[in-house]
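Two complexes come next, and they have one chain in common, subunit A, joined by subunit B in the first and subunit C in the second.
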Partner chain A sequence: MKPVMIIDLNRCTGCLACVEACISENIARWSKEGLINYPDNVVRYSRTRPYWIEFGDTRRHVFIQCMHCVNAPCVNICPTGASYQDENGVVLIDYKKCIKCMYCVDACPYQVRTVYEGELEGDMLHEHALHIGYPDKCTLCIHRKVGNELWTPACVEACPYNARLFGDLEDPEGEVSQLIRRGIAVAPRKDLGTEPKLFYIPRQGGAELSEYPVRPRDVIIPYNVVSELKNSLLKPLFLTTTGLAVLFGFIHMIRSRGDKHED
Partner chain B sequence: MKGVRDEGKRRFIKFAVTAPLVTPLILDGLSADANAQVPIEYLNLDIENLEWVPSTCIICGQGCPLKIGVINVDGERRIFQETYNYDPDDPKYFAICARPRALGELPNHPDRIKSPMIRTGDRGSGEFEPISWDEALDILADEIRRYLDKPEKILVFAHQGGDKALLTEFFKLVGTPNITKHADTCYVSSSKGRWFVFGKDISPGAVYPDYENARYVVLMGRNPYGGFVSTPWAKSFSMGVSNGMRIVVFDVRYCEVCSLAEKYFIIKPGTDLAVSLSILRHLLVNNMVDRDYLVRYTNAPMLVYRDDLKPVEIFEENGKIKDFIVYDEADGGYKFISEAESPAIFYEGDYEGREVATVLSIIRESVKDYTPEWASSISGVDPDDIVEIAENLYKWAPRSFIDHGYKTVRYYNEPMWHRVNALVNAVIGSIGRVGGWAWPRKVKPKLPIKFKPRDVLSIPSYWEKNGYPLIDKKSYSMLAIKSILEGKPYRPEMVVVYLENLVSHIPSSSKVVEALLKTRFNVQFNTIWDETSPYMDLILPIPFFFETDAISLKGASKANIGQVSVFMKAVDPPPDVDVKPTPWIVYQLVKRLFPEELEKFEIFLNPREVWRWQCEKLGIDYEKLVRYGALKTYSSPDYNPLTRKGKLPTKTGRIELINVDAVSKFSDYIGREHNLNPLPIWIEPLWMKDGLAEDEFVPVDYMVNLSAINTWARNTRLLVEMIKWLEEDTVKINSRRASELGIRDGDMIKIVNPETGDELVVKVRTTRLVAEEVIAGAHGLNPGVHERGVVRFTYMPKHGLNTNLLAPFYIIDGFGSSAMFDYKVRFVEVVG
Partner chain C sequence: MKIKRWSLLARVTHWLLFIGVTVGFITGIPIFLGFKDPIYSNPDLIRTLHYYLTTIPLSIAIPLIILRGIEVLYRGAGEESWWPGWRDIRTAVKIALHWFGLSKDYPKIGFHHPMEKLLILAVHSGLLLLGASGIPMAFFDIPSEIRNLFILAHMIGFILVSIPLAGHFMLAINPVNWETLKAMFTDGEVSLEWAEKHHPEWAERIKELRVKAVGE
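Now for the complex of A and B:
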C-alpha cells in the first residue's frame, strides 16, 4: 500500500474545513476543564494550511503540507533516524530519536515542517499530535490507521467539496491512481527530484503548480549533498573511526601485554 | 512566505561541524538519551469508535445537515470533529462551511450564559445576576399575562433555531400578530424586486442557480464561496468550476471567486444596476433574445397602451388574465395570443386610435439611453466589457445567467437592480432551464399545532398602508423598531428576542438601542452573550443546537436535491450549565398561562414524536431518517420556466416583463426614479447624490464563511484564529485613498457617521484591490460600545467592521427593507 493524497484545486473553495479538522485533531489539546486549547497563531501550525500565489491582479490559493516525498530531504538529512518513512512510505517522526537539531525543518524545500515552542496546556489527543519544541508535520493522520487498511485523514473526511482524495497508489483501479496515471493530478516542482506523493489537480493555467511555493535554493540545506555526505562520508568515517579505535585498542592491548611481560 | 525560517545557511554550517561528531554516537544507538525529553502522555482517543451524531446547523437559515463526531473521555462525551451529512444514496450534494466546525469549544465557552439572568443595573449597563428557572419563568409569565388583553403590544423577533417555530406558535397563542424575522435586513429588496417579474416574492432560496450545468455565470455582489447561506450552492459552484463554467465577477473588492473569473471588475458601490441596465439594453437593441421562449413563457408580446402601460385588451377569469392581444406577424393583425400564429415581440403601432406597443418594445425604449458608455461613466466598467458580457450571456444561453445574489439590502436601488437582472435572464431564456435559474423543490415540515393570532391591526398591516406597500409581512424588523420609536400604530411594550442580535444586525444600532430603552420589558433567549444582551431585562439560556433534540425536522432546499434532516442531541450541556430547551420553557409558560392548552404541547417534550408525526405527513421513513440524519425528498430541481405548476402567480400566469398588477397599483411612479416604477430605470444609490468628500467613504461589509452576527461563530477561538490568519479582522481601504489621507497599513483609525455621530475604531489594511469609494470589512467583527458589565466577548475581533453600528436608520420607501451600506462615513484620525 502506498497512500497518496490529491487536492483538486478546481473543487476547493478555500473554506478551510481541512485546516480546522487538522487543528482540532492534531494540534489542539484538551484540558480537564473541558476547554480546547490552541497555540497562538494556530493556523501557522496546522499541518495543512493555505498559501496564496499572487500573479498579476489575482491570487490563487493552494494548501501546503508534507509531500511525503519518496526521496525525502528531511529523512535524508536526519542524523538520528527520527525522521523516517514507514512501510507504506508515510514520512513520520519518531520523537524518541529526535534530538531537535531542526535540520529537517530547514531541509524541507516546501517549508511544511513547523516547530511550536510556546506554552500549551492540556492533553495531546494521540501520540502523533503536536509535540512542543519538536518538528511537526502532516502524518496523513497515521493515528487513524487500523491494521493495514487504508484510512481516512481528518482533512479528507472534513472536506465538503470532495476536493481532497486519499487512496492507494498501488491500487491500479482506484480513482486516485487513475487520476495520477492519466496526468490529471500532478505533483508540483518535479525539478526538485523529491518525488512528492501529494498531488494537485490544478485550475486552468496551472499557475498554482508553476509558481508553487518552495524555498529559495540558497536557504535550503542542500539535502542531496548532505544525504550523500551522510551515506558516503559519515558512515565510512564512522566505520573508519570505529575500526581505528578497535585497531588502536588492539595495539594498545598487545603493547600493554608486552609491557606487562617485560615486567 | 509567512513565517519563513531563514536559518538554512547557519544551520548548514552548524551541521557541517556537528554532524561528524554526533553521527557516530547516534549510529551507535546512544540516541536513546533523548527519550527523557519526550512528552509521551496523550489521551489516545478511541477514534476508531467515534460516534457520528447527525444534526443540522442553525448558524444561518440554510440549515445544512452535519455530523458531529463525539468521543468518550473518562465517561464524558466530548465533541471531537464535525463534517457534512447527506442522504446515503445521494452523497454528491450538500456541504457545511467553516462556521460549525468549532462546536467543541462551545459547551465551556467563557461567554456562555450559564443560568437565567435578571438585570440588576440600569438597562444597557450589562449588569445581571443569576436567578432560578422558577423565578425567571414566573417573571416572564407575569409579564406576558399583563398583555393578554392587548397581545399586539408584544413584539417577537425570531428567525433562527430548530425550535423557533414552537416559540412563534406559542406567541400566536398569546395572541400577538407581531412576530418578525430579519429578512428585511438580509434579502427582501431582491425578493420584492423579483415580485415584479414573477408575481410572488422570490427570495434567494426560491431560486436554484444551476452552476453545475452552467457555461457562463455573471456574479454581481455575490461570492458563493465566502457568502452566507452558501454551502450547497458553493458545492454546485465548485462542480461548475470543475466542469469549465466561465465566470465574470463584479464586486467592490477582490474576493475569492475573482481568482476563478475570466474577468473581474472592482466597481463603485451600488452601480451594478447601471451595468445590468446596459446589458439589458444591448440584448434588446441587438435583438439578442430568445424569441420562442419570450412568446411562450412571458408577456413580452402583450400589447399595451403607450401612455398608461395597461394591456390593450384582455380576457380575464377569476382575476387572472387568460388571454391578451398581440400583433400577429403572420398576417399583420391584432389577435388574442391563443389565436396568433406568430406573435411579435417587438412592435409599435396604434390600436383603435391609441398608440400601442409590445411589452418588450416598451422595455427596449425604457432602457435605450443606457448605453455601455453611459454605464461606464457611472460604474467605471469599460464599455467593451459590458458588450462582451451581454454577448456571452446570449451566446451561452440558456446555460448562462446573472446570479440572483443573496444579501441584497445594501443599496437603495437593489429592488430595481435585482428586477433588471431577472429581466436579463428572462430575455435570454435561461429561467427554469438546465444551466440557468432553476426552481428548487422545497419541503417544509409543519408542526402538529397551529394557532391564529388575535385579529387586531398588526404592525406590518399598518405600514403596508402607510408608505410600504411591498413590505414583507413576515420580515419587518426595521419597521417594528420604527413602531417602537414612533408609537405607530402603537408602541410595543414587550420585546421578545429569540436567538437574534438586534443591536448588531439592524442598521443603526443606536436607534435600536433607543427603541429597546423605550419598551417596558425585554427578554432574550440566547446561548452566549451578544450586543443585544445589555438591553434586556431577563435572559433565558437555552442549549446549543447540538445539546438537545429540536422539535422539528428541517427542510434543506438550496441544492440540486431537496432534503430533510434532523437536529439531534450530540452531547449534554456541562454539569455547571443550567440551560433549558425551548420546548420545556414553552411548556412551563403554557402551564402558567394556558393550562387548558397544555395537552397540545406535551408532544414537544418528546421531540422525536414530532419527527415521527412529520415523517408520516411527508412520507419519509422515520427509522431511516433517524439512522442517517438526512434523507432526500426530491432528486433534481424544477426545470420549468413557469414551474411545475405551469403557471406563475402573476396576472397572466407568465413571467411578466412589465408587471400588469404593478401598472395599476403603482401607476403614479411611471416616469419617476423609484423602485416602484413598473419600468426598468436607473436609480442612483443614496451615497452618490452629492458625491464623496475627500475624507469620506461608503462602508461596506462583506460575508466571509467564518463569522455570523446572530450566533456564536465569531466568538470561538478557532474561527477567530482563522479570521486573523486571513486578516479579516481588519478593514480594507484603497491604497491610493489611504495614502492621500495619511493612513498607513496597520493603522487603527477612527471613522464617524457625520449624520448620526456614531463612531468606530477599525484596523486598516491597505490594498489596491478595493474600490476607492469604500471602506470594506468582514461582516459584524466589531462589537462597538456594546461590551458592558458581565456581557463579554472574549475572543471576538474588536477592530473589524460592522456597518450597522454606524448606519443611519433608513428604510427603503415602498419596500421596508434596509439600504445597509448606502451612506457615508468620514475618516476622523489615526488613533494608533
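Now for the complex of A and C:
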C-alpha cells in the first residue's frame, strides 16, 4: 500500500475546514478542566495550511503540507533516524529518537516542518500529535490506521467539497491512482527530485503550481548531497581515522615502555 | 633540575580548550553519528551544553591563543613556534619510517614534536571552522539557503578537530608522557631528564643557554 493524497484546487474554496480538522485532531490539547487549548497563531502550526500566491491582481490559494517524499531530504539528513518512512512510505517522526538538531526543518524544500516552542497545557490526543519543541509535520493522520487498511485523514474527512482525495497508489482501479496515472493530478516542483506523494489537480493549466511555495532552491549544495557526503564520506572517514588513531596510540603505548625515544 | 615547559598562559588556554572541546565532542557526537546520548538523553540539555559550555570556554581561549602567539613571537618564534614547516614534515616522515621499522634513525625532537605541530594546526583550523559555522547557526538567524553550507563546514571542522585529538588523547594517557601531563595540570615544569629523553634538541638548547648564562 502506498497512500497518497490529492488536493483538487478546482474544488477547494479555501474554507479552512481541513485546517480546523487538522488542528482539532493533531494540534489541540485537552486540559484537565475539559478545555481545548491551542497554540497562539494556531494556523501556522496546522499541518495543512493555506498559502496565497499573487497572480497579477488576483490571489489564489494552495494548501501546503508534508509531501511524504519518496526521496525525502528530511529523512536523509536526520542523524538519528528519528525522521523515517514507515512500511507504506509515510514520513513520520519518532520522538524517542529525535535530538532536536532541527536539520530536517531546514532540509525540507517545501518548508512544511514547524516547531512550536510555546506553552500548551493539556494532554496530547495521540502519540503522533504535536510535541512541543520538536519538529512537527503532517502524518496523514497515521494514528487512524488500523491494521493494514487504508484510513481517512481528518482533513479529507472534513472537506465539505471533496477537494481532498486519499487513496492507494498501488490500487490500479482506485480514483486516486487513476488521476495520477492520467496526469490530471500532478506533483509540484518535480525539478527538486524529491518525488512527492502529495498531488494537486491544478486550476487553469497549473500556473500556480509552478509558483508553489518552496523555499528558493538556490542553495549551493542540496540537502540530499550534504546527507550523502556525510554518510558515504565524512562518517566513515571519522570512524576509520579515529579508530586508527586509538589503535596506533595503544600500540605506541605498549612499544614505548622503556623506549627512550618516545613522546 | 626542573625546566619550564608550559607557561601559565599555555596551561590556561589548554584547559579552556579541553573543556570546550570535550563538552562539544560529547554533545555533538550524537548528532554526527546519529544516536540519542545515553547519558544526557534530554535533547534540550544537550543543546544548551553544546551551545554555551562549548562556545564560552572556546571564545575565551581564542584571544589567549592569539596572546600566546604574540608571546612566542616576542620571545622569538624559533623552536617554540607551532607552525609546521618543511623540516617538520621531513622529521615527521622520518619518525613514521622509524615507527614502522623502515629506518633505524630517529631524529632529534625540538620543543614541539613535529606531529604535535601538525595536530595543533589541524585542531586550530578545525576550531576556526566549527566556531565560524556553529556560532551563527546557534545564535543567529542565518538564511536557510546557506544553512546547509554551515552544517557541512561544521562537520568538516568536527573531523579536523576530533581525529588529531583522538591521537592527542592516546598520547596524553601514555605513561611515558605523564610528567608533561602533570606539568600541564600544575606548575608547567618538567625535569631536564624527561626533556633530554623526549625533546633532546630542546633540552640541549636549554643546557647551552644555562652554560652561557653561568659563563656571563
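Remarks
Going forward, the second predicted complex is superposed on the first by the 232 of 263 C-alpha atoms of A that agree within 3 Å, B and C clash if a C-alpha of one lies under 4 Å from a C-alpha of the other, contacts with A are read in each partner's own complex, and residues count from 1 in each chain.
Here is the rule we go by: a contact is a pair of C-beta atoms (placed from the backbone, for glycine too) under 8 Å apart; a residue touches a chain by one contact, two chains touch by 3 or more.
Note that the structure is predicted; figures quoted are calculated from it, not measured.
By the document's definition of touching, both partners, subunit B and subunit C, reach A:C98. Between subunit B and subunit C, B contacts the larger number of subunit A residues. In the overlay built on the shared chain, the residue A:T241 is in contact with subunit B and with subunit C. By the document's definition of touching, both partners, subunit B and subunit C, reach A:D106. Within the superposed three-chain model, A:R11 lies in touch with subunit B and out of touch with subunit C [touch as defined at top].
Of the two partner chains placed around the shared chain by superposition, subunit B and subunit C are both touched by A:T80.
When the two complexes are overlaid on their common chain A, residue A:G193 makes contact with neither subunit B nor subunit C.
When both complexes are overlaid on chain A, the residue A:S24 reaches subunit B alone and has no touch with subunit C. By the touch criterion defined above, A:V43 reaches subunit B but does not reach subunit C. Counting contacts as defined above, subunit A residues 79-81, 96-101, 103, 106, 215, 218-222, 226, 229-230, 234-235, 237-238, 241-242 meet subunit B in one complex and subunit C in the other. Subunit B meets subunit A in the complex at residues 1-9, 11-12, 15, 18-20, 22-24, 26-27, 31-32, 34-35, 37-45, 47-48, 73, 76, 78, 80-84, 94-98, 101-102, 104-105, 107-108, 225, 231, 234-235, 237-239, 241-242, 254, 256, 258-260, 264, 574, 705-706, 717-718, 721-722, 724-725, 769.
For subunit A in complex with subunit B, the residues that touch the partner chain are 8, 10-17, 19-21, 23-25, 28, 30, 33-36, 38, 41-44, 51, 57-61, 77, 79-82, 95-103, 105-106, 111, 114, 123-127, 129, 131-132, 143-144, 146, 154, 157-158, 160-161, 163, 203, 213, 215, 218-222, 226, 229-230, 234-235, 237-238, 241-242. Those residues of subunit A whose C-beta lies close enough to touch subunit C in the complex are 78-81, 96-101, 103, 106-107, 133, 215-216, 218-223, 226, 229-230, 234-235, 237-238, 241-242, 245-246, 248-250, 252-253, 256-257, 259-263.
On the subunit C side of its complex with subunit A, the touching residues are 30-37, 43-44, 46-47, 98-99, 106, 109, 113, 144-149, 151-152, 155-156, 158-159, 162-164, 166-167, 169-171, 173-177, 197-199.
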